[in-house]
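Chain naming follows the written order as A, B, C and D, and within any one chain the residues start at number 1.
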Amino acid sequence: MSRRIRLGMVGGGNEAFIGAVHRIAARLDDRYELVAGALSSTPERARASGEALGLDPARSYDTFAAMAQREAQLEDGIEAVAIVTPNHVHYPAAQAFLTQGIHVICDKPLTSTLDDAKKLVAAAEKSDALFVLTHNYTGYPMIRQARAMVADGAIGKIRVVQVEYPQDWLTTPLEHEGLKQAEWRTDPERSGAGGCVGDIGTHAYNLAGFVTGLKGECLAADLHTFVEGRRVDDNVHVMLRYKGGARGMLWSSQVAPGNENALRLRVYGETGGLEWAQEDPNYLWHTPHGEPKRLLTRNGAGFTQPSTARIPPGHPEGYLEGFANLYAEAADLIEAKRAGQTPDHLLPTVQDGLAGVQFIDACVRSSRRNAAWVDL
Amino acid sequence: MSRRIRLGMVGGGNEAFIGAVHRIAARLDDRYELVAGALSSTPERARASGEALGLDPARSYDTFAAMAQREAQLEDGIEAVAIVTPNHVHYPAAQAFLTQGIHVICDKPLTSTLDDAKKLVAAAEKSDALFVLTHNYTGYPMIRQARAMVADGAIGKIRVVQVEYPQDWLTTPLEHEGLKQAEWRTDPERSGAGGCVGDIGTHAYNLAGFVTGLKGECLAADLHTFVEGRRVDDNVHVMLRYKGGARGMLWSSQVAPGNENALRLRVYGETGGLEWAQEDPNYLWHTPHGEPKRLLTRNGAGFTQPSTARIPPGHPEGYLEGFANLYAEAADLIEAKRAGQTPDHLLPTVQDGLAGVQFIDACVRSSRRNAAWVDL
Amino acid sequence: MSRRIRLGMVGGGNEAFIGAVHRIAARLDDRYELVAGALSSTPERARASGEALGLDPARSYDTFAAMAQREAQLEDGIEAVAIVTPNHVHYPAAQAFLTQGIHVICDKPLTSTLDDAKKLVAAAEKSDALFVLTHNYTGYPMIRQARAMVADGAIGKIRVVQVEYPQDWLTTPLEHEGLKQAEWRTDPERSGAGGCVGDIGTHAYNLAGFVTGLKGECLAADLHTFVEGRRVDDNVHVMLRYKGGARGMLWSSQVAPGNENALRLRVYGETGGLEWAQEDPNYLWHTPHGEPKRLLTRNGAGFTQPSTARIPPGHPEGYLEGFANLYAEAADLIEAKRAGQTPDHLLPTVQDGLAGVQFIDACVRSSRRNAAWVDL
Amino acid sequence: MSRRIRLGMVGGGNEAFIGAVHRIAARLDDRYELVAGALSSTPERARASGEALGLDPARSYDTFAAMAQREAQLEDGIEAVAIVTPNHVHYPAAQAFLTQGIHVICDKPLTSTLDDAKKLVAAAEKSDALFVLTHNYTGYPMIRQARAMVADGAIGKIRVVQVEYPQDWLTTPLEHEGLKQAEWRTDPERSGAGGCVGDIGTHAYNLAGFVTGLKGECLAADLHTFVEGRRVDDNVHVMLRYKGGARGMLWSSQVAPGNENALRLRVYGETGGLEWAQEDPNYLWHTPHGEPKRLLTRNGAGFTQPSTARIPPGHPEGYLEGFANLYAEAADLIEAKRAGQTPDHLLPTVQDGLAGVQFIDACVRSSRRNAAWVDL
């Protein structure tokens, strides 16, 4: 566990959402060390972001090209790079690092055009370096469980695949109100010809394939733009036929009020079904035909993918984040104390601890007296 | 963000569950650096665990006493220590570090006896260092939200507080089957007079107080041991009266089959209620009397605690762990490649990326042809 | 099926809620015919209610005493009577009919005082007639299923029984605002010494006993009145010890905002658990220890109580009411037509039917042309 | 309320499911009296079924034609007829009664062919009698609520309509195993060209139109038969375009294990959404964009359709069936007593009532003694 892989990052500067997610993900198991970055397409912002992350200024680059070239020459240069830019930068950036033999971990979708995608495949095949795409939903423990169950024949030959990924955040024309996340995602130059279909439809399609092992054969798609003036689709209806005979539907939308990130997969085979929802990800329904439904839980009875699951069943994975909040606030408090300040805080204190032990003591005392009332 | 606090750890060696959780929590926001440890009560195991974590051998101690003494003398000695041992060690360990002016982050319950708890309060008050207790459920975003809403009067003066924390893992006498986690928790010498009440009842009690701001006044408790031969309680029934007139019930159990970590809090006031369940932690029900129930979500509409929530609404907090699984597996693959191996893996590849772009392309082509079937 | 039992009713006049429910229940399976009534304690209201229900005026009585006496002498007098009055009338009314050998179907709780209850037991034992108490929750199919499973040993010897029945309708002092339902329920003269505990706490207690087969041994209760000026309890906290060693808690409340009729039972034994909620009554969780949870459904796989379940699984029992709404509205329309009127309505028409067949036809046409778009 | 409409029935003999449902629905509100029938296409079975239902033998007909003709001549002949046969009989039967001026209440789909449907429309238009189609899901209270909210503009102009109705009962070839329900539904001669699409797809399509008020414009459908040897479709994928610009998807299936009758409708407009599921029918989600989701309940706050809802909020509509089970079992017991038998039963008795009053009494006694333990 002790060696950490030297990691660089392209994109992911101050304002970006997904860059911070990649950094947390890299840090969670302590397997990576972020040592270099070209964190923004604007050099000034790139440098400011590097400083905020504590990068060595000499390794905070203005462009990914400069970074790829120089890091390849350093003895302790980066071994891998995370590419977290808008879609149209994926290909040139990945290409630059693959050429230098640096492993690439790249956000999805692969590229903004099919042409770029094919070129990137060629580049990856030519390079000795690894290429990993972060279709992150494939990393959920219950998705691994579902995939393993399908492969083991738990539901028989697959017939029907229903997958959907509705959101609501683009119900109104946010791209005209200065929201950067909305701007590039609705700009065909940066996101590609697909809007909603590229941003989240690909996640849904990938997930269905990952779990079922099926390849798509053909499809009929009805893309539509509901918000006036929007330049890409914001609602996606697709009928799918898979190789081998399965049929499916895919719905993704960014204009469905009340849906935050409601990715949901349902797969039905000749002898049973599986159902999973990303918003409640620690659970997987297994519905063997003719028997009661069963609810599988991460690390619970019947779970076979322990390597993907860090904590016991019943602790949702947010457990770690809740814990981390206390550590982060304790860090704030420690730093404040160092600076001679004593801010208000919500952390449990030694008095809270005393109250807890008093509670235990009172319970034991009361119970020993046949549940008499005792003071706390 | 760039400075990291130097952290030590007492307990949390190889076999322990909660030590790894504390380390992940400390790492998640990159605010701490683990640099020293006394990771087990057995010196050999302590050293082996230190090595596994990549600690400098000179700072991997046999005892917490040695660690406290020496680290206090180092120029770059630890600033804070996480204590994650069985309960009976909390007091002596905390005391050792507080005396040296080192901040303490300590697992709950505070101590195994009321006497120790009072001594620890005195030690904390005498020391200049901070003392933080990890009642980790208080760190969940929706719990912070609930507390803020109660304080803002969203449900009026509180009348009824129902809190429960059932588990099922001690339904059978696991402590006689060699499970270390079960052994110390059911040993009054190490856990204190309370079994279930100390281990999880305190979490429930603390959470109720954290959200409501109420102090307990008196209680009537019916502790019971259902599993034959068990030395501490495994089921806890308590009726509570709070200062100011509210009434409550608390149930915790470790023998309730089907309950993993089903901590659940329901609070009812004169004008409304709040309901939260740890196993579905990203949601909070608000039930204003005479209006439809409302479901609040982390980072969704009406959420006021952004500092505690790292990702957008609808991404359960397990999102980060799913992402981290990909990074961890990519690290495995990178290391394997370094070693000249090419293991099987489940990571999305450039071919998956191509398939995704082909999917987008096919959707756009089909849609442009009025949803005609097109090949993938 | 063809013979219908001649039924009378005491109470249940125009304003009453539960009388109408009893009449629907009696009619649902076409086993009863309502032929007589003493429908209100006020003679005028009694007669008006009888007329509204289409009773023969000669058999619409001013008092239950008159009704009992006369009906017993008629050749085709009532065979059974439903008593649906406030609690304090249960005993004298039941006594009057039992004495005459008329079967009694009586609402719960049995009486308003323990004294009356004992006298009623004596009267029932002396009479040759049957006495049935409508603890109606015992009639739910999944409750019958749960009882049968407990009896069959599906969860082993029972350890813990958690039952609760919170409501919110008395969060404010409705009894001072002229609501009749609230008035008599909060008047100790009519409801008895218990308020919430008598009205719904008894349902919870009865249900726990029905499913588990356990008898209570002793209890410790904390009844409380939160709403100022209320004369009976509105929140009930009870710890229970059952004969044979099981322990339990019971919570009932009428001041818990957001709870409509949230009766819920959870039972845990040595080898598994069962969980049921009245607001989602067609489902029963079975949690065998060490296996995934299973969701049993009414008439679904594993269900063994078909005599209690009229419709297929997946049709909630509200299915019948939805159907009945169409029949009721069709009756309105038929009567309106008879009166020469043509009111607006929401019933599906022959045009809707045509649209449906056109939909089928279009689906078939489109599918035969490889899912080409076709007009509807 | 006192006048009851004279009703006849075509189909619905002993083995049929839906006939019994229609009879219960007709009886629930006491608005109809069943007085005539042609209950089966087999004369013997028709007569046996009539006897079982207690029909006057003179009004239990061998054919619907005879029934239509004779009833029309009786002074107290039927005013309305319920047609609950397989689909191919709907047209000739309806036609026969409409011609005689008898109101028709007919099961869906309207007919088995488009041709018949058009002829039936003509017949209905020519007749003075009413024609009502039992698309029964339109009768659910929360569906009426949803329709009213859409009409009131609660979610703005509609954009996306997702409707689905999956079942699992035809996952295996039951029609070859002698199940009558499966036989006629998979026989194109009796059910029409559509299998799943006619049986339940029409329900889904009708429901979407009922709630949204939208008319379909065109559709692209992919019908498929998964079970070998089946003569009609058993899975239905449809993309829909509605007049006015909304888009939709419809999925119905009879081969989706784990789905009983999982009819579900989701509608999204410019300012909000509505979501309803038939298996949990007493609830309706309203998701105004940019605000927390709200859960509306039948007869709860904000509900505006009281005429469709017989019981208070929180009592699922199955409440009436649970109640009716007690009445039915009491009827059994009364009849058994008449016959001199004393069978076992599960009905609450006077002893249960005494136990309940003892419970209340014990609670009051304990509470008055500060929650001391008291014996039951």
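Definition applied: a contact is a pair of C-beta atoms (placed from the backbone, for glycine too) under 8 Å apart; a residue touches a chain by one contact, two chains touch by 3 or more.
This one's a predicted model, so the numbers in the text were calculated from it and none came from an experiment.
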Option reproducing the contacts of B-C, where over half of them reappear, out of C-D, A-C or A-D: A-D
Between B-D and A-D, the pair with more C-beta contacts: A-D
Chain A and chain B: spacing of chain centres that average the CA atoms, whole Å: 21
Separation of chain A from chain D, taking each centre as the mean of its C-alpha atoms, in whole Å: 43
Geometric centre distance via CA averages, chain D-chain B, whole Å: 48
Sites on chain A at which at least two other chains make contact: 220, 222, 239, 241, 259, 293, 297, 300, 371-373
Chain C contact footprint on chain A (complex, rising order): 220, 239, 286, 290-297, 300-302, 371
Contacting residues of chain D [partner chain A, same complex]: 155, 159-160, 162, 164, 168, 171-172, 220, 222, 224, 226, 235, 237, 239, 241, 247-249, 251, 253, 255-259, 266, 268-273, 275, 285, 287-289, 293, 370-373
